[in-house]
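Just passing along the structure, written as structure tokens.
Every chain is named by a letter (A, B, C and D) in the order it is written, and numbering of its residues begins at 1.
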Amino acid sequence: MRKVGIIGLGHVGATVAYTLFTHGVVDTMVLIDANEGKAVAEYNDLRDTLARNDYHVNVYMQDWSQLADADIIITSFGKISAVIENGDRFGEFGINSKNAKEIGEKIKATGFKGIIINISNPCDAITTLLQETIGLPHNKIFGTGTFLDTARMQRIVAEELGQDPRNVQGFVLGEHGSSQFSAWSTVSVNGKSVLEIFDDQKLAQMSAQSNKNSFIVARGKGYTSYAIATCAVKLVLAIFSDAHLFAPVSVYLEEFGTYIGYPAIVGKNGIERVVKLKLTDNEYAQLAKSADIIKEHIDQIK
Amino acid sequence: MRKVGIIGLGHVGATVAYTLFTHGVVDTMVLIDANEGKAVAEYNDLRDTLARNDYHVNVYMQDWSQLADADIIITSFGKISAVIENGDRFGEFGINSKNAKEIGEKIKATGFKGIIINISNPCDAITTLLQETIGLPHNKIFGTGTFLDTARMQRIVAEELGQDPRNVQGFVLGEHGSSQFSAWSTVSVNGKSVLEIFDDQKLAQMSAQSNKNSFIVARGKGYTSYAIATCAVKLVLAIFSDAHLFAPVSVYLEEFGTYIGYPAIVGKNGIERVVKLKLTDNEYAQLAKSADIIKEHIDQIK
Amino acid sequence: MRKVGIIGLGHVGATVAYTLFTHGVVDTMVLIDANEGKAVAEYNDLRDTLARNDYHVNVYMQDWSQLADADIIITSFGKISAVIENGDRFGEFGINSKNAKEIGEKIKATGFKGIIINISNPCDAITTLLQETIGLPHNKIFGTGTFLDTARMQRIVAEELGQDPRNVQGFVLGEHGSSQFSAWSTVSVNGKSVLEIFDDQKLAQMSAQSNKNSFIVARGKGYTSYAIATCAVKLVLAIFSDAHLFAPVSVYLEEFGTYIGYPAIVGKNGIERVVKLKLTDNEYAQLAKSADIIKEHIDQIK
Amino acid sequence: MRKVGIIGLGHVGATVAYTLFTHGVVDTMVLIDANEGKAVAEYNDLRDTLARNDYHVNVYMQDWSQLADADIIITSFGKISAVIENGDRFGEFGINSKNAKEIGEKIKATGFKGIIINISNPCDAITTLLQETIGLPHNKIFGTGTFLDTARMQRIVAEELGQDPRNVQGFVLGEHGSSQFSAWSTVSVNGKSVLEIFDDQKLAQMSAQSNKNSFIVARGKGYTSYAIATCAVKLVLAIFSDAHLFAPVSVYLEEFGTYIGYPAIVGKNGIERVVKLKLTDNEYAQLAKSADIIKEHIDQIK
């Protein structure tokens, strides 16, 4: 039976919970938040939904011991206001690096042996801290990383061409933050490379748009929630069903010595393997630079 | 093809939009909010979801003309903070009675001929004002009313007995507000009347709990969203598929001259018919009193 | 993770597999059939579906050892032509009583410790034989029994009244066969007893209709599949999510010393408990008679 | 509201109906078959499912007039035994060319103005005959064509690499029949061309496998149903939601003067446009040859 814990019930964590609940993805869900009132509220709002839901889901709250035999934990703690004020996801790093250590210790103490999907920002750095604190192997903890940014890029490209975003293949790589970039050499629409469709100026503009869009959403509603929650749920499903889904997520790359947004195969063991891309020299340089930025930030905190 | 408009993108309206979107319930969705930034944000968050969603959904925003040929409009405007401060859903009445008239006029101006489901509070009074302003027949506009409170009651009874809330039948009737009540003579669990299971004291305590629970949620997260959104989506599905679903919603009862929470059959024409219950004298008196309270409030505003 | 085995890939078993697969209800599915070519075909047809399915599902075939750690086994072996020729589900008893022993022994040999849902007919007798052969406790093996017949009764009553069958509550009890009966004292529509809506003649006609309808379907398409498959999937979901669903299924009643269609609470332990109904004297007599018929048939085979 | 007609209730048509029904894809469904008993059986089996289904769906049967305002008609008539005996989908051509004319005339007579998805085999030829008979523009009628064969190819490639078939991009082109071929220059896995992964011998073997697999299924169960039904349902959803889905289906190519499996954008107008591929000379020659075969067969019948 499928059991998922969610730590951090801000808009993202709560939306993940609601999505898992209404789609019947899980049998048991454990909700945890530093704010007791928030946890009690989300717990009750979901329990009140049961009579109108197509699925029964067992919900527990604020019980760390319930995580011991969970299959998956999603970490979605944070303080989005710090991101919006700062205009950069590293705005949350001060708070979340502390959170990562405290929460990591608590997860470790439960004896949890499953897979962790980290959403907390800055995603790559926090995934690193969580991995170091908990001591799980690198494959068993990864971040949503640029899975979300890639969805945003797919949408931007699709809108330019009047198409379904699912017709767009390819990746946004690097930090889930300002130094991310669309690796256009990997991107195709209906099998045709975007390099044949758009000129360099257009590509540069579309690349910048992906990260900008997230701030339009964050400023307008105070956070972003739907796209990221849906990304997390896709990853949860891929783990449960051992789907061997190909997705760009925040994975540990030996080559750079850090977690960073890069394609991998996601299955029951978390990251089944990283899939090496043939990038252009320029793209590789951007990726290396993005890795440096992530590592610098982590070094600052240590 | 299925087209739904949502007016008011607070937490409830936005959650309804997200639920319709991720479950593929609609083909086209029109999002409208007085706060342009909020509408832009929700629109973009949903568009960013498209690449990870199992369904394609066309989303429009801030375009009233798109409502002309919509099948269903959901009204979910309001200011929840006014409810929480006041401890009663009539706290929102001042603001929402103005909203109802302004929004009602705008809906009327589009030439909309479909069905309206009102969620805005106080639900029964606002449904009344919307119907009067727009001039649609009573069957084509109704409120979520006690469909939500009934779900809460089903949960409370089910928890007492260690059961699935879907095993509990029966109704909360009256105002979607403080004067609502569980009509226990109508409530059964697995075919057994709750009157045979619980004593009067327990029943009274459980009846009060339903409305209290909503304030626990509202205070803890600042609003309630999941249970109400799921109720609204069930009603949307019942209309599209002409399901003849039996549900307690805010319907116009000639007998009391007001909209009030009472069971009806929901289908493609909205309220296909009201289903008369055999209530006890005491229950009938409570219902009549609840109707009076709704009417008094409406009179005050006129 | 959710793992289900299906033994017997006739139209019913195959449709159960397809439904679990396309709704993402399971992560792993094990398909077994006496006819190797049939198993190979269903396996390949499902594998060919993967690229168009919203969910990834791992499918194994003809591997009994994969059942050892399955959560649920569905038994759907049989030879429907024997039923249609005979006009009675006991037409399959000769063949299926042998099947039940052989298959029961094989299940036992795997060390399976989960829950068995039996669909094979005659359902109550075959469930009995499987339980005796495998030696699982009574709660861990049960049959779909009159869960299907009840759905048929709900439809018949709903059609008479122009309503959604889900508005109809109540039960068909007894043998999943000719001696079944609608326990009208338990049946209500929108909270109103059918005894107040229909006269005795109409009730008698509707009671007979439920079983007749199944033969209209069986004769027209050579088998029945959709309604029974959907019933089985509901029970699978109830077990995985520990839903405490209230449903009439073939359960062991001490009182009669046999498996028979009667309401129970279905959860992670299979039958969590039987729920005693207040039947009329006449209904109780019908139930007792139906139990006798089931036992006579079992005795004949022993 | 969404209305779909299905003409031909063999295993394919019936499975399409069941899938639409259990996933709530349609609000109204019209079932038509030359065999009255079969239509009555499928109608009743679905009606018996309503009480256990998460969605309400209105089902009509044998009423051609109900097709007048349907959004989509799926044609799935045929006689699979003729295909299996013959070892080629043209085995059904004699029977189905008659069917196409008779059924086409009846569809025309209803005044139907929506989109037709043809599944009947030989798919490309029958789509041609239906279009000519009914006189709908080419964009409003198309066949499932190699959408299914492509799914089979995706699976074959994915299995070689231990991946999810959804990670495989690219197309099987040409006739939905023996002259089809995998256009390997279009096929990539996780963005890497299969030409870099497999040698020519392996590619040739995998190309042949796709069509062979369908006969393994057809011989083992007497027909194929699940993969094709799921393909058809994806196309139905793409039309309703105007998804602009990119899919290889049987479309009319001016260049060859015939319907043939080739990628197109599917939306509310059926085929929104054909998407030209850059094929290798060899692939183009194969496509041209496949077109000739389709046209020769059509000529024979005329």
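Descriptive notes on the structure:
Criterion: a contact is a pair of C-beta atoms (placed from the backbone, for glycine too) under 8 Å apart; a residue touches a chain by one contact, two chains touch by 3 or more.
The UniProt protein names, listed by chain, are A, B, C, D = Lactate/malate dehydrogenase, NAD binding domain protein.
Since the model is a prediction, treat every value here as computed from it, not as a measurement.
Distance from chain B peaks, on a Cα-centroid basis, for D.
Comparing the chain pairs B-C and C-D, the larger number of C-beta pairs in contact belongs to C-D.
The distance from the centre of chain B to the centre of chain D, each centre being the mean of the chain's C-alpha atoms, comes to 42 Å. Measuring from the averaged C-alpha position of chain C to that of chain D gives a distance of 34 Å. For the pair chain B and chain C, the distance between mean C-alpha positions equals 37 Å.
For chain A, the set of residues that touch two or more other chains comprises 56, 164, 166, 243-245.
Chain A contributes residues 14-15, 18-19, 21-23, 37-42, 44-53, 56, 147-148, 150-152, 154-155, 158-159, 164-166, 168, 213-214, 216-221, 224-227, 230-231, 234 to its touches with chain B in the complex.
Residues 54, 162-164, 166-167, 169-171, 186, 188, 190-192, 243-246, 263, 265, 275, 277-278 of chain B touch chain C in their complex. Looking at the complex, you find that chain C touches chain A at residues 1-2, 24-25, 27-28, 55-58, 71, 237-238, 240-245, 268.
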